[in-house]
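In the two assemblies presented below, chain A is common to both, partnered first by chain B and then by chain C.
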Partner chain A sequence: MKTWLILLIRVVSIVIGVSACFGIDWMSHNQVAVGPGLHFAILPTNEYISRIFALAGLYVTLAVSLNLINGITGQFSVGHAAFYQIGAYLAGFVSLTYYGFMGLTGLPWLLAMMVLGGLGAGVAGFVVGLPSLRLRGDYLAIVTLGFGEIIRIIVQNVDKLGGAYGLNVSPKFQMIWLIWLLAFVCIAVCRNLLRTAHGLPFLAVREDEVAAAAMGVNVTKVKVVAFIVGSTFAGAAGALLAHYEGFINPGTFAMDVSFIILTMVVLGGSGSITGATVAAILLSWLPEFLRGVKNADGSALMLSDSSIIAALLATGIGVALIKRFLDRPPFKWRYLAVTGCFLGALVLKLVIQRLLNLSPALSVAHIEAGQIRMVIFAVTLIVIMLLRPQGIFGHHEFSLAWVKGIWRRLFPRRGVSA
Partner chain B sequence: MGEGHLASAFPATGSLRVSAAVLEVKAATLRFGGLVAVNNVSFKLDRGDLFGLIGPNGAGKTTCFNLITGMYSPTSGEVMFQGKAIQGSAPSRIARMGISRTFQNIRLFGALSVLENVVVGGFLRHKTSLFSAFMYLPGCMRETAHLRTEAMELLKVLDLQDVATVRAADLPYGKQRRLEIARAMATQPDLLLLDEPAAGMNPQESEDLLRTVRRIRDDFGKTVLLIEHDMKFVMNLCEKILVLDHGEAIAYGGPADVRSDPRVIAAYLGEPD
Partner chain C sequence: MSFPIMLFAGLDFPSLPQQLVNGLELGAIYALLALGYTMVYGVLKLINFAHGEVYMLGAYIALFTSWALGFGPGKMAAATNNPFALVVMLIASMVGCAVIGVLIERFAYRPMRNQSRIASLITAIGVSMLLQYGGTIFLPNSPPPNISENVNPYRGSIEIPIVPRNAALKAKELALLKVSDDDEAAFNAYLQRTGEGEFGVSAPGIPLRDAARASDRAYNQAKNAAEATGLVITVETGQAIIFGMAVLLMALLSYIVRFTPAGRAMRAVSLDFDSAALMGIDVNKIVVFTFIIGSSLAGAGAMMTATFLGTPLIPFYGLVPGLKAFVAAVLGGIGNIPGAVLGGILMGVAETLVVWAGYSSYRDAIAFVILIGVLLVRPGGLLGSAKVEKV
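Coming up: the complex of A and B.
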C-alpha cells in the first residue's frame, strides 16, 4: 500500500513537473477549457490553480536548496526565506527601476534578473555561511533565524523598497515553465553532486566534522559552498516570485515561510532530494486542497465535544495501528500519548464548564472546514511525523531498487522469512 | 638506563639526521590554563618506523596525536613533518600533507556506506572542480569511478570487501575499527597515526590486526605511530616505544628496554614503598 502511495505521488509529481515544463503556461493563458477530469489531475485551468502551481514550483526550489544546507551538509539553517527575500527584492527593485537596460527585455531580462537575484542571495549566503564555521546546531539556527528577521525588518523600514506596504514590480512575467525549470535545475545540481565523489565531503561534514577534517576535507569550504549554492537558488526563486506575483511585501517572507520550507525538508526526509521535492509539492497543495473541502459539500461542519473526542480517539488509535501494521514494532502506548493530552484537555474543559455552569451551547461549535484547514494541515504534519519520524523518504532517494526493497519488505516472498 | 635511551630520543638539533626524520616533535608543550597536558615531549620517527606511544590513562597520548594532526597547536615547541614545521596548520591541510589518523572513540561517517567512507579518505586527491560535479561532466564521473575502484582495492586489503555497501554504523565493532584504518589509508599518507586500534578486540582479532599493521608498514611503506593499551600488542609490534606519564616522556627504547625500565613499572603499578 505504501509503495503504491509513494509511486502515485512520484508519478503525479513527474506529471506535474513535465507538464509544467511543456505548455501549461500556454494553457492557462489561452484559457483552454479543460474538463473536470483533468482538473483533478492538477492541471492548471485558471489563474488560481496556476498560481498554486507556480508557488509549488518555487517551494520545490526552496526546499531542495535548503536541503543542500540542512539535510546534506547538516548545517541547521532556519532563515531560508531571507535569501528568497533578498532575491525577490533585488530583482524586483532593479526591474522596476532599470527595466530595458542594455536593450534587454522579455525573457532575457527575466533570466538576467534571476541571475542577479541569485548572485545577491549567494553573497548573503556567503556572509551567513561564515558564522556557521564556528557555530553548530541550535546556535547556528539562532543566528540564521536572526538574520532572516533582520533582512525582513530592514526591508520593512526602507521607503525606497516600499516599506511595510510592499513593492509593485512593474513588468510581470508569469512563466510557470521557467519556475519549474529552475526547480529542475536545482534538483539536478543537488542530485549530480550526490552522484559524484564531490558530494561525499558534504555528507562527511554532516556526519562528523572532526573526522572529515582529519581526512583532508576542507570543512570551511564545504560549509560555505553549501550556503552559497543553497542561497543562490533561493534568490533566483525569489526573483521569479517577484515577477510572477508583480507585488512583494515583507510579510511574504516572514518567519513562518522559513519554517514551512524547513518543514518540507524534514517532512520529506532530511537529506533526501526526492523527499524535499515531494513534501514541497504536497505542502503547497494541501492547504489549498483543504480550502476546497468546504466547497465540496457546501455545508459547515458541526463539531461537538463528543465528536471531537471520537475523532481524536480514532486518530490516535489509527496512528498506533498503522504504525504497528507498517513497521511491526511492539505496540507502544506513546503513540496514544498525544491523543491522551488532547483528551485530557477536553475533559478538563468539560469539567470547568460544568463547574461554572456555562450554557451547553458553548460546547457545540459551528466550524467551517475552510476555517480549520490550517489546523487540519498542522494535524496532518503531526500525524506524518509520528508515523515516520525520519521523514517520508528518510535518507533515501527515489530509485527502482529502493521501491523494490520496500516491496520485498511489505510483501515477502513465500519461503523467504520476513 | 632509561636516561641513555631518552638521550637518543632527543637528538641534538641541527644534526644531519633531522632531515631524514618523517616526523619530529621538538619539546612540544600544551597547556590548558593551569593544566599541562603535554610537557616538553620530544620524539622522532624515521621512515618505516613502527613507533608505539604508551602510558597510563590521562598520560597525554591522544593529546600528542591531536598536536600532530593540528586539532590543537602546541603552547610551545615544534612539530616537524618531513622537515617542515606544521604546528598551527589546519587539520585538513596536515591531512593533505600526508598525515592520517584513526580515532580512539570511533568516528566513522555512520550514515555513509563502508565504501563511501573510504572514498571520503581518497577524495583529497581529487582534481576535477566542484562545478564539473554540479554539471555531472564526464571527467568527474571518471574520477568518481576511479576513486571507488581505489577504495575497493583498499577494502580488499583490510578484508572489508564483503560489507562494502553496508552502512558504517551497522558494522560490528571490530570491522568499524578496521574501516577506520582503511579510511585513514585511503588518504595515502606517509605517516599513519593509529589511536588504540586494538581496543575492545578479542585475541584473534588483535592478532589479525597486528599482521595488518605490519603489512601496512612492509608492503605499503608507511611509517606508523600508534597508541595502544594492549601491552602484548605493542610489545609484539613496535620497534620503538615512548612512554608518557602525566604529559612527560619517562622512557624510550625497544620493547625489552621499556618493559624493564623501573620508571615505567612505577608509572603503571605505582611506586614501591
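Coming up: the complex of A and C.
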C-alpha cells in the first residue's frame, strides 16, 4: 500500500517536472503570450531567461557529477571543465562534420552526440584518472588542474577545432528539457549508487583509504570508476552545451569554470547531492541576477566607490562579529545575536558610506551595479565559507525525515527532551 | 633515424645560450614567487591561491610609488641617473605586500584554520577572485598603465662575448652604423624642415629617404654578417639586476630559515604544527612571519618585473605567473625551499626553450606537462619525499 503510493508520487512528480520543462521549451521558442498569472511564476518567456535555465541545468549536472568524485569518493579533482570541454568539442566537431550520418537527424542525433560526448570524456577520465589517482589530496588537485589547462591550450592551437576563435556548431538544438533530463539522470545515478552496496566502497574510500583497503575494497578501481562516471556526465553536459549555444570557444572552459563547479560542490556541502544541486542553481542564477539589477525607473543602477567600500568594510566587520558568536558555546540568545549582527552591519554600511561621502572623489557614482557582480560573487563565497565551512547542507540530503528533524529542533514538543 | 633530425632542423642553435640566460632570469622571478607558495604550504598546508594577486598588487604599489615620486602620467619627470626612486619603489612594494599578506592571513585564513582543507582552499580562491575583480573596479586598468622607463637609470645592456666576433667585420659594421645614423639624421632634418610625413615625401626628399633606407639595409647586413662569426650573449642591465636581486633575496631567506631562531621555529612548525605549539612556539606569530617573508618576496619580484620589463599592469597580472610559480613549487617538492628555487629555474628555462623552439602558443602548457611527468614518477616532487601513510 505504502510502496505503491510512493511510487505513484514519484511518477507523477517526474511527469510534472518533464512536462514543465517541455512547457518552458515550447514557450521560449514560440514566444507565445502566456496568461498573466504565469508571468509571475518563474517560467521563462524569453531567450535570455531560458538560457539561464539551460545553463543552470548544465551546471547541476556538472556539480553533481563532480560531487561524485570530490564529495562522495573524496578525490580532490579541480579539472572538471576539461571533461566538459572534451564532450563539447567532440560532439560539436562530429555534429559539424558528419551531421545526418546513418540517417540520424533531430533528437536521435542529439542523443547520439550526448552519448558520444559522454563516452569521449569518460575515456579521457580513464586515461587521466588511472595514473594520477595514485596521487593524493593537493597533488591530485594540481594534476587535474594542469590537465584541464593542457586540454584547453591544445584545443586553442588546433585549427580544425576553430583555434582561439571557437567552433560554430551548425545544427542547433535548444532542448532545455533534455538538459534537465540529463541533470535528473545524473542525480538519480548518484543517489541510487549511494543507496546500494556498490556505493558503500565510495564512501569508505572517502573516509579512510587504508582502512577501506584493509576491508577488501579495491581502492584504485573505486577511484577510477568514480572518475569515469563523473567525467562521462560532464562530457554529456558539454555535448548539450555545444548544441544549445551553437558556438563554443576555449574561453568557455577556462580554469575559473572548474573553480566555479568546485565552489558549487563545496558551497552546497561536499558529499551532499541536494547541496550540489541547490548551489549550482543558486550560483548560476546569482551573477545573472546581479547583472540585471535596475533602478525603479528601469535605468542601470549606478554605485559610487564609497558605497562599495562601505559595503565591503561592513561585511567584514559583521562577519567577524557573527563568527565570534558562532564560535562560542551556544547560549540562549545566539540566533538573536547573529540576526542583530546582520542588521548592525546594514546600519554600519550606511554610517561608513556617509563618512566616506565627505570626500567628493569617492561619492561620485560611476560604477554600474552589474560590473561588480563578480566581486559580490567572491565576497559571498568567502562569507559562506567563513560562517558555514561545511557548506549549506553539510553532509545532509533533502528528505522528509530531515525536514521533520529540523522542525522538531526548532519547535520541540513540550515535555519531550531533545 | 630521421625523426630527431627533423625535430632539430628548424632550431636556431647559435641563439641557444642567449635563450638560456633569458630563461634563468624568468626562472628567478618564478622562484621568488614559488618561495611564497612553498613556505605557506609548509607551515599551514594551504595552497595560497591569492599569492599571485599579492604579486599583482605589488606591481601596482610600485606603479603608485613611481607616480608619487613624480614619474606619473602627464607630469613625467626627466630620466634620472640615481637609483633612489628604484630603492623607494622596491621597499614600498615589499612592505605593502607584506601588509596585504598579513591582512589576508588574519581575516581570511586564520578563521578557517580548524576547518577542512578544502574549505580553506575555497576561501583562498574566493580571496583571489575578490582581489582580481575588486582590482578591475578600484585600480587603473584601461588603458593598462605601465611604469615609466624614466625611473630606471640602468637601461643599457651588457655584452658577454663567448666566441669573439671577426674584428674586420665588426669594424665594418660600426662604420656602416655611423653612415646609417648620418643618413637617418639628414632625412629626419629634412622632414622637420618641410613638415612632411615619412610616407608622403615629395620629390626633393626622395633621394634622402632612399639613401637612409639603403644605408640602414647595408648596416643590417653587415651586422648580421658580423654576428654570424661570433657568439655574444646580450644581457640587459635590468635582467641582470633582477637575477642578482633574486639570488640575494634567496640567500637572505635561506640565512633566515637556517640560522635564526625565527627560522628554526618556522621549520619546527612546518614539521609538526601541533607539537610545535606544545613546545612553546607562538604558532600565530610564526605564520604571520611566514606570510610577511613570502609576500615581500612576491612584492620584490613584482616591482622588478614591472619596472625593468615594463609590462602593462592589469588586475589579472598575477594570474599566470602565480599559477606557474605554484607549479614550480610543486615540481620542486612543495614545502621544500631549495626545491622551489630549482623548480622555478627549471620552469623558466623550459618556458623559454619552448618559445625558442617555435611553439610559443604552448608556453603555458609546458609547465603542466613537466609537472605531470615529474609527479607521476616522483609523487613528492623533485626534492620532496612522498609521505608514507601509517595507520
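Heads up, the rule we're going with is that the second predicted complex is superposed on the first by the 313 of 418 C-alpha atoms of A that agree within 3 Å, B and C clash if a C-alpha of one lies under 4 Å from a C-alpha of the other, contacts with A are read in each partner's own complex, and residues count from 1 in each chain.
We take it that contacts are C-beta pairs under 8 Å (C-beta built on N, C-alpha and C of every residue); 3 or more make two chains touch, one makes a residue touch a chain.
Because the structure is a prediction, the values reported are computed rather than measured.
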{"item": "Side-by-side fit of chain B and chain C on chain A, or clash", "value": "fit"}
{"item": "Touched partner set for A:W402, first chain B, second chain C, both or neither", "value": "neither"}
{"item": "Chain B versus chain C as contact partner of A:F126, first or second or both or neither", "value": "neither"}
{"item": "Which superposed partner A:Y99 touches (first chain B, second chain C, both, neither)", "value": "neither"}
{"item": "First (chain B), second (chain C), both or neither touched by A:H198", "value": "first"}
{"item": "First, second, both or neither for A:I142, with chain B first and chain C second", "value": "second"}
{"item": "Which of chain B and chain C A:V210 touches, first, second, both or neither", "value": "both"}
{"item": "Residue contacts on chain A - larger count, chain B or chain C", "value": "C"}
{"item": "Chain B versus chain C as contact partner of A:M385, first or second or both or neither", "value": "second"}
{"item": "Smallest separation in angstrom, by C-alpha atoms, between chain B and chain C in the superposition", "value": "6"}
{"item": "Common ground on chain A, meaning residues reached by chain C in one complex and by chain B in the other", "value": "210-211"}
{"item": "Interfacial residue positions of chain C with respect to chain A in the complex", "value": "47, 107-108, 111-112, 115-119, 121-123, 125-127, 129-130, 133-134, 136-138, 323, 326-327, 330, 334, 361-362, 364-365, 367-369, 371-372, 375-376, 379, 389, 391"}
{"item": "Of all residues in chain A, those that touch chain B in their complex", "value": "188-189, 192-193, 195-201, 203-204, 206-208, 210-219, 225, 229, 271, 395"}
{"item": "Interface residues, chain A side, partner chain C - complex", "value": "70, 76, 131-132, 134-135, 137-139, 141-143, 145-147, 149-150, 153-154, 156-157, 209-211, 256, 259, 262-263, 266-267, 270, 305, 308, 312, 316, 320, 323, 367, 371-372, 374-375, 377-379, 381-382, 385-386, 389-390"}
{"item": "Residue ranges of chain B touching chain A (in the complex, touch as defined)", "value": "69, 71, 90-92, 95-96, 100-101, 103, 107-112, 116, 119-124, 126, 128, 130, 133-136, 140-141, 143-144, 147-148, 183-184, 186-187"}
